[in-house]
Every structure is written in structure tokens, then in C-alpha cells.
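Below, each structure is written out as C-alpha cells.
Two complexes follow with chain A in common, the first pairing it with chain B and the second with chain C.
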Partner chain A sequence: MKRLFIGRTMVAKLFLTLFLVALLTGGAVAAEKVIKIGTLFPLTGPCALAGQRCQSAVETAVEVINNSHPEIKVPGAAAEGVLGGMKFVLVHADHQGKPDVAKSEAERLIDQEGVYAIIGSYNSSCTKPASFVAERKQKLFVCGCSSSAALTKRDLNRFFRLAPTDETESLEFVEFIKYLNETKSAGIETVGLIYENTEFGKHAAEEGKAAAGVAGLKVIADVAFNPGATNLNSEVQTLKAADPDAVFGACLGGDYTLWVRTMKQMDWLPDVALNYCTGYQDPIIAKQLESDGDFFMGGTGYSPEFAELMPAVAAVEKIYMTKTDPSVPFDSDCIQEAIATLILAQAMELAGTTDYDAVLKVFNETEFDSPMSLGGMVVFAPGGQNLKAMSILTQLQGGSYKKIYPLDLADTEPVVPMTDWGSR
Partner chain B sequence: MLTRKHISKDVKWWIVVAVLAALPLMGVLPSSYTEHVLILIMLYGSMAQAWNVIGGYCGQTSFGHSVFFGIGSYGAAMAVVTFGFSPWPGAMVGALLAAGVAVVLSGPCFKLKGHYFAIATFAIVEIFNRLFMVWDWVGGALGLDYPLVEEGWMNFMWYDSKKGYYYGALILMIFVFGVVRKMEKMRFGYYLLAVREGQETAESLGVNSTRVKLSAMALSAFLAAICGAFYAQYNFRVDPSMVMSLDMSMKFVLITILGGLGTFWGPLLGAAVLIPLQEYSRAFIGGMGGGVDLMIFGLIIVLVMVKQPRGIMGILDDIAMKSREKKEGDH
Partner chain C sequence: MVTFLQVALDGILSGLLYALIAAGLSLIWGVMDVINFAHGEFLMVAMYLSYWLGFLWKVDPLISWIASGVFAFLIGALTYKLIIRHTIGKSAMAALLATFGLSMFLKNACLYMFSPNFRILNDTILGGKTFSVGGVIFSLPQLATSLFSLGVVALVYLLIKKTRLGWAIQATAMDKEAAELMGIDTERIYVLVFGLGGACVGIAGGLLPSYLATFPDVGGLFSLLAFVCVAMGGFGSIPGALFAAILIGLVEAFSGFYVAPVFKYVAVFGLYLVVVFWRPRGLFGW
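Our next item is the complex of A and B:
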């Protein structure tokens, strides 16, 4: 009986403590003027790692915004908070990579949590319904890295996207192939596509096909696979049988690793392998693949090797690295989420108010200074696409992302055709 | 013949419906998120009840119901997105098509028994998922995204308020549960129970078990497809991974088993426990990352099933029995 009594007392104490903590922290938040911002990423499920990194990137940006960081050369970093000291408070949500969950979480963030804007959502298929909800409820949705071109072709008024689209990258790919053919006599005439059968992969493949068609390249292999595949033998076999000169790949995370390893197992490589925003861009995957990852290429919005082009990033990246476990630098995707948060703060500051119409006007009419973006600027077109979004074509050489195209930003000669597996 | 137990069950059912109908009017729902959770409870309760027809009453464990659910979703979505119609005729065509597909697929599958039947239905989900992934006419892997259409019952679409969806889900639940209640009282309902308890014995008494099982599957698929149509309208989107997946199939099964297999109230009770748990755990701790919400969610399901394999209905029955025994003891 005594033990039971002690147990109950302890439970009562615990509840009392929790109640007091909630009361005190609630009071602390209420005492300051805050702007609630919702984040919506896949924190669990197949894209959990990428989603968690994106969330950490937003937290990093909020740390820069909320505190005075005179050492960081980014607009608003020197001041404490926005609009004379208002702080951003983040409310995190997990959409698990599922569009229906993304939609209901966006509703909860807006209706229940009362967020001012939402930042997210990594997967294009989740960004679509979530931003649709935000539009209907007249809230801002700032998207960092979802790359489906269709997102900014919906005539939404409150949706803004920072990253380049699959369409932009596809055009860059064929331009690069044209350059190789003209200057290096690469003789690239045929293209194969390998992509995950999702909103992202399918869109990327469609844009790739369209761009290849316009450039006069013949698409001779079109291979889709289900994400999270445990075996890509038949897919790679199909590519090998068609033997295209170039391959455009849209394989995320572990699928990218599997694709590369299966090609090695089958002892086949195209002359050029170009990747959309995929596992190629993940520095951890590049490290895991070691020399097997070398000579693949892809569009890259950021890599630590770009430090001299974007000197402002280093100080912010230092904060980001303390928020990730294991500690990693920014990658092309998550840096866009940090930029999205910084642009939102900048827009409020320029508007001088949190009033939606005024902030929306700034979003639509301003050329934002963005030292963390490769383009240095952010300008939104009607529909919400960042017109200044750009990426550099890189090639992994010795585990390092080397800039190979456009020529004015390149620092290394591309290795074409790719060095075969036996000669590495 | 109606018994006192039947009448009492019907009265209880209409009390539940009346309370659910009154809740928004009384203004006691604290937020639209609470409305959202109640909508999901009614939707998933209806889905589980649809599955209960074949899985619970007839005893045939199907993991293929997401296919029928998906066909219903695509029916409504294609009516709106592809043809620019109201979703109503699409939902009806989808439901009839689902019933037809169920009969065609189940014919050979019913030749298998027990685990083999369950495995065959697993495979059907994968086949349909792949098929819809590459079928461009239905949107392929990109799926179908709803355009902005006028709000109201004609388009079964609301954006700013959830009241329409709330009453839509309530009507759906009344329809699905009403059909099952009717079935329970009919001879067909007893045939299902007879087949579940012993197919050979039922056949020896003159029950055509194949026809009974096919009819149950068609009815179950029809109801599941209607739920699918609601799901597409509610989420403004449909793609193969959302609807035709093993994950979705598991929800049909899990909710029913958690609530109580082969019982009228089980699916609703299962949904009333599982859905708030899923939604609120995600809302409160999902943002922490690392899937803590999913771990707690899974742990509670394991605990309930270990404690009472007959589900929540089993727990309630035990409580009622103990209370009766205590009363009798007092006398």
C-alpha cells in the first residue's frame, strides 16, 4: 500500500511539474512578440534523412534571423529578429512522404497552430496538396527544394519556390552534351532515362525527354522503377542492352547507390551519366560510394567546394553542422530551405509589416539579395518560380564535386567518357 | 425476426448517429482539426466495416481491399479531373467496377484457403499498383490533382470549412453501417456466419459457399470503393501509392481487428481508438522526428492485442460480463 501511495504522489508531482513548466514556458513565449512558422518535411519514411536535414536547415536560418550575427554576411543577420525584434518560432510537422498526411498537416499548422507561413515540403507530391491548402487559406507557402516544374505552373498566388526545376536542369544537361559534341567530339547521340516512378521521377523524365527531343538527341531507353527498390538488375540490364551514350538519372538516396553499384556489377557505363537533384548530390552517399561514385555528373546548387563562389555560406554552414548528427555540410536541397526562410524574413523586413498583402507584394516585386544562392539573387516569376535559380554541373572526381559547366564557373575539365570500372 | 437485442443495438446506433450529427451544431468541437479527426474516424470506420463484411462476417482475410478502394478513388477523381464532371457518377461507376473486379479476381482466389488466400490478395495489390503506375490514362505515377472547382455538394468539395465533409462522412457511415446492419438481419448474414464457422458444414446444409463468398466480396468491394471516392474528394488528389498500397490494405484489416472482428461496433471502435492515436501522436510529437509517434502508436496496438486478441469489443464484453457477475454475486 505504501509503495502504491508513493507511486501516486510521484505521479502527482510529475504532473504538477509538467504543468508548471508548461505554464512558465507558455508565459515566456507569450511575453515576446513571435511569428509562428510551420515546417513540413518527411521526418519519417523513406526520405526521413533528407527531411530531417531540411528541418535542421530551417532551424539554422531561424537562429540567424532571431539572434544578432554581425559576422554573417546575409541580409537581416546582424539584427535581432525581424521588424524590430519579433522572433520566428518554428512548429514542426512530419508528412511521412505521404500526400494525404501533408495535406492534413498543412491544415493543422494553419488552423490549429496558427502559423504565418509554411516552409517545405521536399517531396513534390507532398508540396502539391499542402501548398494548395495554404493557397485556399490565404497563407504563404515558401518551398525550398521540391523540383517538379508543375508546382509553379498552377497559377497559385501564394506559392514561391527557390530551387531550379527539372525543366531547367534538363535544358542544362542537353546544353552540356551539345558543348561536349562540339568541342570534345564526344559523339553523344542517344539518351537513356532511369527514374523512380513518382511525381518527381516521372516529371524529371518527361522534361529530360522533351529537352533531348528539342536538341536532336534520340531517347532509346526509358526505365522506371519503384522507389526503395531492393534490386535494379533488370532496370540496369535494360539500359545496358540499349547502350545509350548518355543517361539522365533521377534516383533518390539509397536507390542512387544501388543503381551505381548494379552498373558496376554488370560492368557497364554510359559515356556520360547526368543526375537531377538526387542521391548524387548527397555528400554522405558520395563518400560511401568511394571511387565507384566518381565521374558521375549532376546539377549542383551547393557543395562545400563552391565556397569561393558563395563566401557567405561558410558561417551559416558552421551553425548548420552543429544541428546535424552526424555533422554534415549543407547539400543542394537543404540549403534551399534555409534560403527560403531567410527570404521570408527579408520580405517581412522590406514590407515593414506582417500584413499579408504587403508581404505578398514584396515577394512579387522584389529582387532579393541572396548571398547564399548560387545566382546571388532571388526574383519570383508569376506562379512562384525563382527566375535566378541556377545550378552548376559538377562531376565527382576523387570524391570531390568539381565544377565543369557552365564554362565561366568551371574549374575542372570533365572526364568524358567516364573511366570504366576496371581502370579506377 | 427482430429480437430485443436487435432493437437495442439499433437504438444505440441511432443515438451515436444523432450525437455525431449534433456535435458541429452544438459548437462543441474546439477546432477544425478535431473535425478532421472525426471525419477520419467516420471514414476509416466505414472502410473497416466494408472489409468486415468479407473479413469478419465471412472469415476470408483479404489484403487486397486497397485495390477496390483505389478504383473508387480513381472513379471520382477521373470524373472531376479528366472529364470535368461532378464526382457522383464517377463514384458510382467506380464502385460498380470495383464490385465487378472483386468478383473476377476472387473467383480463382477463393479456390485457395486460409493463408494462401491472404497471400494471393497481397499479390493483387502489387499488380494493380504497378498497373496504375504506368497507365498514363489514369495519370500514371503522377496521379490526378484536382483543379479548383466550385464548393458545394454538387462537386463534393469544400475548401474553407470542413462541415460539408463532416456531414458527407456521416452520411457515408450511415450508409455503410446501415447496409451491414441490414445484412446482419437477413438470411445472407447468417449464410456468411455459417461459411465462416465451417465451409463444409455450411455446404452440407445447402449453402452455396462460393456464391455467398463472391456476393460478400462484391458487396465489400462496392462499399470500400464508395469510401475511396470520399477519400479522393477529401484529399484533392489521388495517386497509386496513396490508395493502392499494402499500407492502405493493412489499415482496413488493422482497424477491424483492433475493434473486434465480425462485430457491428468493432470497426467504429477500432477507428475511434486508432485514428485519434495516429493523428494526435503525429501532431504532438511527430515534429520531433525519429518516428517516436509511430513507435508509441505501434506499442499501444501490440498491448491491446496482447491483452485481448478479440480487440476492444472483447475488452468491453469482459467488462460487461464482470459487472454482470458482480451484480449476480451481490444478489
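Our next item is the complex of A and C:
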């Protein structure tokens, strides 16, 4: 009896073991069919609006990647999934606009969630520590729109950034000023800077100063402020006292509206106000500021007014608008996050595997076809900067982003000097 | 000279707004020894109410401050009834953590309901209007908000000092048990105090959308500055909070303009540290 009992126990154990093995291998097989991608954006805090839009843009790209969309003219859109059907699954994280939270959330995404790559993180100050974490843990970090040029000067091997940098935009700004001086006798000789006191703002200001110096423009006001301020009175008062001909601005979200409204309150404007990747590019803010937002300028990577330059965007944008406010199109920032996701999928497809070394090799050596980018292509330089990144200088006129520079892409004459507050 | 006067005016106007936000906090703190961490979120909720009244029904902030004040009074009274009442007699941390939880709840509820969009109210009666006196520019929305603030702070002060209700509030603040023995319904006083504290910040929130964008995080720095005003002015002292708020507004404006804008909060919090070191009970504290 005893022997029979042992035999039955052993059979039961054997079945149990086989069941567990089947379960585990079955799970492994199931796990192999998805690729976990982490998204890391400011979903709460002062930049939550932009962060939530970036997250929706990534979700849009994943929808395009995971399902067959033959009507969308983007590489990989016609197929279902990547590498013969593997689906992207997103794991979202919120860094609240805080670098320390970004670092710990990047660690959580990699260590606990086991993501393959991270896409993010909007704020340059958060992208910096989060991408260091990814580099240390040998994971990919694909950055859509963080614009601090310093991010791609760190010689990281696994960091890739799609958007143009503050350095590129600063050079565009001074080139445009030179054009205005030469052809329109604008007489712009002095520059003021107003920027938030963060990684993004400080770096943008440094690049602005350097570009102005090279172009022979004198920087006569350098105004840093703490983001989320209750008022910007002394900041605008400082600009007004210096009265520069041009202002380079790096004010995000609510601070941008406060800056514009405080200038109106103080009845002051420079001749030209050029903005980095800021509240200027936010179509909702532009709409809400109404005529107060008009005649400001800035680098723009995408706006619905660019439709004829980027015809592939419209079909993807239609999906995007189902994920956010249906009246809000892609903006210059969030579209870069969608492109980042699509490029990641394209790299895996071209590598034919999820193996990191193979995918990295593709990232480093491939000229990606990117119909959703203004440049049409994506090529990464050592350090991870997209060499084909470009933006067009636009000016808000009647609430619409008008293309004003470079001339071959311009469709509207810039209004310089800006129309004063009383004449709007 | 014009610039100096302009900077001084900006500082005073900002200070008067801080005073109204701080007055409510000071009242609650002074009477109940409770730090209301959700004070900034009361401001934010009141701003949303004023914004939506303006956006949907074209009610101007010059009118909607009444609704915001009443609404914030109710939120304050409910906060006491539903949360604070259960923390009385327990560790001071209990009320502090409870109001911290409430602040997170309110902020995230608004984030969920209204999204993080920056909402700007256009076409208000005073919106964008200014006038100039000897080159000094007065912004009408800011001026109106500040004058309202001064008026409401004065009314609250008179209420506390000159009315029977005020005397009952003072008595409750001094000795709750003795006040009860004198026939004062201290429970009712606490509800009223929390409601009044909410109403003060609610009135400020009702007026602010005429020149400031409304979004879920808008209350953060206002609330922090209000704490500094109360601590600097002296716990429970409304004139102290008013004086400290104007001082903070001036320090913020002058250091921001004459030293560097990025230095202004260094100066404000530096001054706070000096005052707390020199007079831990605040400038007008008892």
C-alpha cells in the first residue's frame, strides 16, 4: 500500500511539474509576443498638458504599429505588429516634471516592469537623469522632443533624440534676424532673454547668447525665472527697462501665458519675440490667448498648416485626435514622440530581432524613412542627435501658425515690428 | 523714479492678494491650531468655479467672486465636518496629513475632470485694461483684485474684533473649554472658522481668473507664500498677515527687479528665515 501511495504521489508530483513547466513556457511564449515599452512624461504638475499629449501621441503610434493601417503611408503601418506580429505594450509613468522622480520612475520601468525601451520625457531636466539610468542599465532611451543640446553631447550609446535642439533653433533665430536687418531694415541690434530656471531654460539661454554673440547682436537682458511663479512682473519690468529689440523666450505652459499677459499689462513689446520649444507651440494656449498671442514667433516642427509639406501626418493625426481632445491636432512636441515610437519599431523591423546590439547597430547606421518628420528622414549622429531634425520659423497671425522662414518654405510675410497692444 | 514706483506698486498689489489668501489660513491656524495644507487647492477650485461661470455663462469675475466665496465657504465647512473634526484631540500630524490628502484629492480630481489645460478667461470687464498715472501703469484687473482683497481682509478683521461672533471666535481660540462653559458652541465656531478661511481664499480665487490662467497646479506657490505670510505675521494675527504679505510682495518685486528675477524667492524665504529666527512667534504674534 505504502509503495502504491508513493507511486501515486510521484505521479501527482510529475503531473504538477509538467503543468508548471507548461504554464511557465506557455507564459514565456506569450511574453515573447509583446514588447513592453515604457513612456515617461509629466502627466501631472505644471507641464501635465504637454506630457499627456506626448503620451497620447505614443499611444497613437503604437496603434499604428500594432494594427494594420494600409491607408497610413508610414513604414510598418500596413503590417500588424513588428517582427511578424509582436505587439508593443505600453507601461506609462509620470515624472511630474521632477528630475528625481524621473530617475526613480526610469529605474522602476526597467527593473520592475522590465521594459525594452523608454520613450520620453518632454522636460530636458527629466530626460537627463532618466536616460542616464537607461544607459547604465543598457536599455534604449528614445527621446522625442526634449530640446537641450547638452543631452546629445554626453556620448551616451543608447540615447537617441528626434527633435531639433536649442542650438539649432538659436542659429535659426539669429539667421532670421540677419535676414530682417538686411532686407527689411529692421535695425535689430540687441537681444533680451527670458527663460525658466531649469535645464531646458538655462541651456536654451546659453545657446541663445552664443548665437547672438556670433551674429554680432548684443545681449542686454538676461532674465531667468522660477517656473510656476505667481507673477512675472519684475521679470517683464527688467526686460522693459532694458528694452531689447528682440527677445528669445523659453517659457513653458502657464508661464508663457503669464509672460504674454504681463507684457500686455506693462504695455511693452520688443520688435521681435522668438520662442524656443515652449508654450508658443501649444495650439490650445495660442487659441486661448486670442489676439494677445499674435505676432509672437517660434521654431515649429509641426502644425496643421504644414499639411502640404507632410501629407502622411493627416491619417495618423486622425487617430491621435480620438485619444485626446478631438479639436486639438498634433503639436511640434508631441508629434516627435509619435515619430520616436515609429522609429523604434522600424529599427527592430530592420534589425529583424529584438537583440539590443542588432537594434543599436540599426539606430547608428540607418537612414530612416520618416514621412512624419519635417526633414523627411531620420539619421542619428554619434551621441544620438537626429541630423535631419528641422523646424520652420512661424509667426502667429490671426491665431494661425504662418510659415515665415526659411524663405523657400515661407508662405507669409512676417509682421515686424510686432503690432503693439493698443492696435490689435 | 517711475520704474521705482512701478516696482513698488507691483509689489503692493501682489502683497494685497497674498494677504487675502493668508487671512483665511491665519484664521484657521490661529483658532484651531490646524495647518490647512489644502488651502492652495481651495484657491484652485474657486478659480475653476469662476472660470467656468465666466466661460459657460459669461459671468464676470467681478460677480462670480461671490459664488466662489460661498462655494469655498461650503468646502471649508465640509472639510471641518468630514475630516478635521475627527482629528481634533489627536496628534497635530493627523490634521496636517488629512489636509495634505485632501489637497492631493482636490488637485487630482480637477486634473481628471478638467484636464491639465491652462484655461484663460477672455473678454472680462476689466481684462487687459490699464491706466497710467505719471507714467506708472495700473492694471485694472490686478488693482481691482487687490482692493477687493484689502476690503475683505478689513471686513474679516472687523468681524473678529467688533462682533459677538468674533469675540466668540477669539474666546474659542484662547480657551476652548472655558468658552464652552460660557455657553459658546465651539463646534459651530470651528465650522464657521473653517468656512470663513475657505471663503477668504475663495474670493481671491474668484477674482484671479481675470488675469491669471487656471490650471490644477495654480495654488501651489500661492499657498506656500500664504504660509510664510502667516508665520511671519504671527499665528492668528490678521493685521500681521496683512503686513507680512505686503512686505513679501515688496521684497519679491524689488529683489526681482533690482537684484535678479531668479533671486526674488531667495529674498522672500531668506527674510522669512530671519524673522522666524529673530521672532519665532512672528512679527505680530502673541
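Basically, the second predicted complex is superposed on the first by the 389 of 424 C-alpha atoms of A that agree within 3 Å, B and C clash if a C-alpha of one lies under 4 Å from a C-alpha of the other, contacts with A are read in each partner's own complex, and residues count from 1 in each chain.
Methods note: a contact is a pair of C-beta atoms (placed from the backbone, for glycine too) under 8 Å apart; a residue touches a chain by one contact, two chains touch by 3 or more.
The structure presented is a predicted model; accordingly, all values stated were derived computationally and were not measured.
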{"item": "Superposition on chain A - do chain B and chain C clash or fit", "value": "clash"}
{"item": "Touched partner set for A:Arg108, first chain B, second chain C, both or neither", "value": "first"}
{"item": "Touching partner for A:Gln55 - first (chain B), second (chain C), both, neither", "value": "first"}
{"item": "Contacts of A:Gln288 with chain B and chain C, given as first, second, both or neither", "value": "second"}
{"item": "Which of chain B and chain C A:Leu140 touches, first, second, both or neither", "value": "neither"}
{"item": "Contacts of A:Ser125 with chain B and chain C, given as first, second, both or neither", "value": "first"}
{"item": "Which of chain B and chain C A:Ala79 touches, first, second, both or neither", "value": "neither"}
{"item": "Partner chain(s) touched by A:Gly201 [first = chain B, second = chain C, both, neither]", "value": "first"}
{"item": "Partner chain(s) touched by A:Gly253 [first = chain B, second = chain C, both, neither]", "value": "second"}
{"item": "Partner chain in contact with A:His92 - chain B first, chain C second, else both or neither", "value": "first"}
{"item": "Clash with chain C (superposed arrangement) - responsible stretch of chain B out of 4-12, 112-120 or 166-174", "value": "112-120"}
{"item": "Overlap of the chain B and chain C footprints on chain A, listed as residue numbers", "value": "44, 48, 51-52, 197, 224, 226"}
{"item": "Of all residues in chain C, those that touch chain A in their complex", "value": "3, 6-7, 10, 14, 107-108, 111, 115-120, 122, 128, 130, 137, 139, 142, 211-213, 215-218, 220-222, 225, 252-253, 255-257, 260-262, 264-265"}
{"item": "In the complex with chain A, residue positions of chain B that touch it", "value": "31-33, 36, 130, 133-134, 140-143, 145, 159-160, 231, 235-237, 239, 241-242, 279, 282-283, 286-291, 293-294"}
{"item": "Chain A to chain C touching residues, read off their complex", "value": "44-46, 48-49, 51-52, 197, 223-226, 228-235, 237-238, 241, 253-254, 257-258, 261, 264-267, 279, 284-285, 288-290, 292, 325, 421"}
{"item": "Chain A residues touching chain B - in the complex, by the definition given at the top", "value": "39, 43-44, 48, 51-52, 55, 91-94, 96, 98-101, 103-105, 107-108, 111-112, 125, 128-129, 132, 136-137, 197-199, 201-203, 224, 226"}
